[in-house]
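Both complexes shown next keep subunit A, but they swap its partner, so subunit B is in the first and subunit C is in the second.
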Partner chain A sequence: MGQLPQVVVAGLMMGALYALMAVGITFIYSLMKMINWGMGEFYMLGSYAQLVLITLLLGPSLWFLGVPLAMVGVFLLGLAIQKGLLAPMFGPEAERRDEYATIVTIALSVLIQNLVTILAGPYQWSPPEYLPLVTIGGISVNGSRLAAAAGALVILGAFYFLVRRTWLGLAFLGAAQNRVGAEVAGVDVRRLDGLAFGIGVALAAAAGALLAPVFLVYPTNGAVSTIKGFEIIVIGGLGSLTGSVVAAFLLGLVESFGSVFISPAYQDLYGFVFLIAMLFLRPQGLFGERERRV
Partner chain B sequence: MGSVLRRTGLIGLLVVLVFAACAPGGAPAPGPQAPTEGPPVKIGVLTPLSPPGDAAAGQLIVRGATLGAEYVNSVLGGVLGPKCNAPTSKVEVLTADDAGTPEKGVAGFRKLVAEDKVVAVVGQFHSSVTLALAPVADQLQVPLFSTQSSDTKITANHYAFVFQTHTITADRAAAVAQFIKEYGFKKVAIVAENTDYGAGNTDAFKAELGRVAPTVEVRGWVFDRQTADLTPLLLQVKDFGPDLIYNLGVGAPAYLIVKQANDVGLLPQTPMVISYDVPIRPEFWQNLGPMGKGIIFVAYYHPKQPLTDAGKWMQQQYEAKYREPALYSSFAAFGNVIIVAQAINQACSTKGPDIAKALETGRFKSWNLDSAGFPKAEGADWHRVKQPLLLLQYTAVNQPFDQATILFPPEMKTGTLQR
Partner chain C sequence: MGELREVGTAPVPGPAAALIGRIRPAARRSWVVLPAALALAAPLLLSSYGVHVAIVALYYAVLGASWNLVAGYTGQFSLAHHAFAGLGAYASAGAVLALGFPVWAGIVVGTLAAALSGYLLGGLTLRMRGIYLAITTWAFAESFRILLAVNYQVTRGDMGLIVPLLMGTLDPVPNYYVFVGLTAGVLLLSAAVLRSKVGLRIRAIRDDEEAAAVRGIDVVRWKKFVFTLSAAIAGLTGAVYGHYIGLLAPSQVRFTEMAFIIISVVLGGFRSFWGPVVGAVVAEGLAEALRLSGEVRMVLFGFFVIVLMRAYPAGLVGLVAALGQRLGPRPKP
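Moving on, here comes the complex of A and B:
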């Protein structure tokens, strides 16, 4: 029981980082109504960008500058990918949009993973720690993990501001609620799609960059975070940004408690049990709404 | 006109000279001429080259196997040849990725055999993959070498076409258990991944420790190989209060255990043994920095150990080619390829059953042994060459591998354990 504070802190910190991934997935889904199955690869690209930036260019003390730079790089890549590969699915002649998006994003994830393996090698790397070990109230916490959680909260705050307090954010919300309505009101939804995809993958890159010294950098390091991201968006309610954030923290806590008080061997299973329980009790998710069809 | 005749005469003379030079002993060859070089003999290298396998090890294995082929072609003069009444052939290595997963391994093995027509396959690193391949190797009758996979079942199951050149789980368990007894540890925590490697080593180690040091309290924790956050598990380990941690992770998990054990305050107070030689890799110090100091690890090679002339050749060529010292994975793969080549020469055949028979009955030069053999021995000694096993400790940050203290075996000790 003496471990309880440490377990709670570990769970909340992981929750903050899961939230970045989940919000990115939800944001893209809300606007484009598609699931980006390659989200983990953008996480991975963010971690590599951070590794290169702070080991070769910025130095370890400027790690916090590496995160926004990694995000900008991946945002631009996301824009290009959306314009080149995903925008055609919104053309008038496009059919079977869901299948198209699934195939394109899965193929993209395989391509990115293999390209990185060829270019950077299959090795595991770690940039220097962001901060030394920190002791808070007698609990020792990894400094990089603490910095990553704090960074995640700052980025989530900035994202909230963007979505709720700016014209662009209101346009995003409008297009997410009613695409045709937003278009009629003069919003260029095609342009918003590109921006939404770029912002969504940049959030995943932020998680990868922040966690680079904690969970290492290697070509498949994004696989698990993608799975967690999808668990979270279902638990929180598909399309709900608030639901994604709340579910991310809940998942972090469930995993942390399950590992300590049941068995650490099934750490990744607890999230699925939580997901199944949620589907039984509240199929639309914590903040989702029941779909009505006429 | 005269110059044309002179030129024609010169060309005719040249043609005659060329034919004379090509004919053995200057005499015309009887009947149709046998080709001097036969088609290349292909050896497969099936190894992890992408995650979740330990792809860094796979890269080292490919390097070693490639140098093995170069050694066979340049120093041994290829395979087969006049002694076998056949044209001499060069050896060629073909690489395939098993990604550390049994299904990709089996698919890769079948492709190497059926499409690429390899005569033997080397490079196995993950026990789960080797165990999946073993019955397929027997079915297809193609010799398979366990280059660095160690599960005891690989040899204990007595597969006719599987050959082991690496330390097996039982050896590792015996060495680590002896080390624990010798240094007087009383409470050991095992942190193992949920693979054949992790489970097999945990069971063997517990059994061996129970035999040699029954008073030592031992407890095991298993984690999923894909799990990145091991903090909750390590908090339980901390609660147990061990005086030694046995790290049975491979690849990224091996590093994550060290980093996160440091986070929860287990390191550096509690010594940790890493179950294989990942700390000898170049990225170890960059990834762990000061956390790497004090780490104890199992190694299968030390730069100061004696090598055969083939091993010395490989060491020199490797350093010249890759600008870094050769490591065990490369030596082991190099050794496998030159053993296969020698077996082909002894059998005068490239057929799997003939090579396997030669391996069982012959003696072969490897990188560290002048006379290695794969007899049909009892139990887990079936088809295997026994390798020495060391326990080393880094005593300073960024310490080069060759300066790590040898703690075990006692006859090779260069210092004592630093806590």
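Moving on, here comes the complex of A and C:
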């Protein structure tokens, strides 16, 4: 059991990065009531942006500057995509919003992924490590993973501040609870949709940028983190930000323990087992409310 | 008064219009006869490679038709139809290679395996909002792909699993007729389902789940039924296709495959009976005619679909129908 602290630390570190993905998905869902199936592509774009920034412009030692820059770039892209493609679905003639959002974001993800493959090739790029191996209190930790987890916690903290401590955050929560109510109170809900989509995809880009040296940079590198993100939002309860964060850390721990005590080969499958178990035992998720319909 | 109105809206009674008017009932039936004849004669017109392309197009047409049944007509978004096809193929391969089943029995096993997984996934998620089905099937598909890649001792992973051939030959022509039969069978089956009371029930569910439940429709039961049926069709198709190409790999379960199914259905006409067939044939044919690389064609198709969804969601079939209405005799008021 000497390795127990190491297993826990490794799990929590991955959990912080999963939380970025999951919070991004949940945030977009809670406002626009749609799933962005292209989340993995925004993760991928974040990792490419970071690769270009730290190998060509900033240098490897300034990786922590690259992450926010990558986020800003993807945020702007998200804003444009939302305005051009997704905002029209809230128009007066729009019908069957789920269907439209699903098909358009899937087509978008195919488009982005293949475009990047054409432009940058199918190669795996490996950016320089952020930090060398670190030893804290007898536990040795991969430096880049530690840096990524620390970065993820900082970004999650900033997100928490934005949502819970600012007027804009209050407007987000209001619009998530009741769109019409928020609109009646004078909130420009359509502008919030754009911001929420931009912020959501920027969080995915942050995960991609932070994990670039760990999981490498290639056109389909977003798939694994996206699976975890989708599993987490159901486990935590659809639409619950708290649920997403808690479930992300839980999944990190489950994977970490599973890979030590069962088999590391199946690490990416424990999440699915967890998801199925949750749907079986508590379909509304950890923090979800039991669904009520008219 | 009535006579006047009729004269006013009738088309100019030229000889052509009169002819169209007269053959209209027969034309409806020839709608099916013409493509069927073309499909049967295709190997005479195409090279061996062309026949192979036609098989691939029919493979996507059947998968699209089965997906359209769930997504288009019932309003439940499954994102695992490529995985059901892969599961059917691998389960059939397993039954044939490990248990010594004949190929046809393997295909039955593959179909049942896909149906069972569809039934179980549906049972877990179809009580809740549609988004749960989409997320869970997506996670199932990706996890299945990872499982195939991880267990490379059994599945041979990306090296590919060699499986016995259905017709005993790689020659596409006999396999082509198998696929024509499969396509016809699946289309007849879905037409039968859509025309039955079940078809009315699932469309009622799509239009308004609560209203359907209030009218006494067992919503969850029929959603499960259609989803299981559709998964079974996908499994069957995947198993047959696997025994045609004789080589299985986890890359057949990449999400791009699902995206291509969706793209071809939307291209042809989402929620229209012929949409999946038209879409798959046009998409496959176009890609071959233009000799595009895989990436370029996915970029173009992704772009087309986005434009289509924004501007003309009825797709190619909708376009043809609209044109037909313009050209043909107008219905009397």
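FYI, the second predicted complex is superposed on the first by the 293 of 294 C-alpha atoms of A that agree within 3 Å, B and C clash if a C-alpha of one lies under 4 Å from a C-alpha of the other, contacts with A are read in each partner's own complex, and residues count from 1 in each chain.
Going forward, contacts are C-beta pairs under 8 Å (C-beta built on N, C-alpha and C of every residue); 3 or more make two chains touch, one makes a residue touch a chain.
In this text the structure is predicted, and so the values were computed from the model without any measurement.
Novice: Could you check whether subunit B and subunit C clash or fit when both are placed on subunit A?
Specialist: Overlaying the two structures gives a clash between subunit B and subunit C.
Novice: Which holds for A:I35: it touches subunit B only (first), subunit C only (second), both, or neither?
Specialist: So A:I35 only meets subunit C here.
Novice: Quick check for you: in the superposed arrangement, does A:E289 touch first (subunit B), second (subunit C), both or neither?
Specialist: It touches nothing on subunit B or subunit C.
Novice: With both complexes superposed on chain A, which partner does A:A265 reach: first (subunit B), second (subunit C), both or neither?
Specialist: both
Novice: With the two structures laid over each other on chain A, which partner does A:V110 touch: subunit B (first), subunit C (second), both, or neither?
Specialist: Second partner only.
Novice: Regarding the shared-chain residue A:T102, is it in contact with subunit B (first), subunit C (second), both, or neither?
Specialist: In the superposed model, A:T102 contacts subunit C only, not subunit B.
Novice: Touching A:D188, do we find subunit B (first), subunit C (second), both, or neither?
Specialist: The answer is neither, since A:D188 touches no partner chain.
Novice: Where does A:F280 make contact in the superposed view: on subunit B (first), on subunit C (second), on both, or on neither?
Specialist: It touches subunit C, and subunit B stays clear.
Novice: Would you check which partner chain A:V234 touches, where first means subunit B only, second means subunit C only, and both and neither mean what they say?
Specialist: Only subunit C is touched by A:V234; subunit B is not.
Novice: I'd like to know which partner A:A223 touches here: subunit B for first, subunit C for second, both or neither.
Specialist: Touch partners of A:A223: subunit B and subunit C.
Novice: Which residues form the common part of the subunit A surface touched by subunit B and by subunit C?
Specialist: Shared contact residues on subunit A: 114, 117, 223, 265-266, 268.
Novice: Which subunit C residues qualify as touching subunit A in the complex?
Specialist: Going by the criterion above, the answer is residues 71, 75, 77, 79, 124-125, 127-132, 134-136, 138-140, 142-143, 146-147, 150, 210, 255-256, 258-259, 262-263, 266, 270, 294-296, 298-299, 301-303, 305-306, 309-310, 313.
Novice: Spell out the residues on subunit A that touch subunit B in their complex, using ranges where they run on.
Specialist: Touching subunit B from subunit A are residues 2-3, 6-7, 10, 14, 114, 117, 121-126, 128-129, 133, 140-142, 145, 214-216, 218-221, 223-224, 255-256, 259-260, 264-268.
Novice: For subunit A, which residues count as touching subunit C in their complex?
Specialist: Spelled out, the residues of subunit A in touch with subunit C are 35, 37, 85, 88, 96, 98-100, 102-104, 106-111, 113-115, 117-118, 223, 227, 230-231, 233-234, 238, 265-266, 268-269, 271-272, 275-276, 279-280, 283, 291, 293-294.
Novice: Can you list the subunit B residues touching subunit A in their complex?
Specialist: 49-52, 55-56, 58-59, 194, 221-224, 226-233, 235-236, 239, 251-252, 255-256, 259-260, 262-265, 283, 286-289
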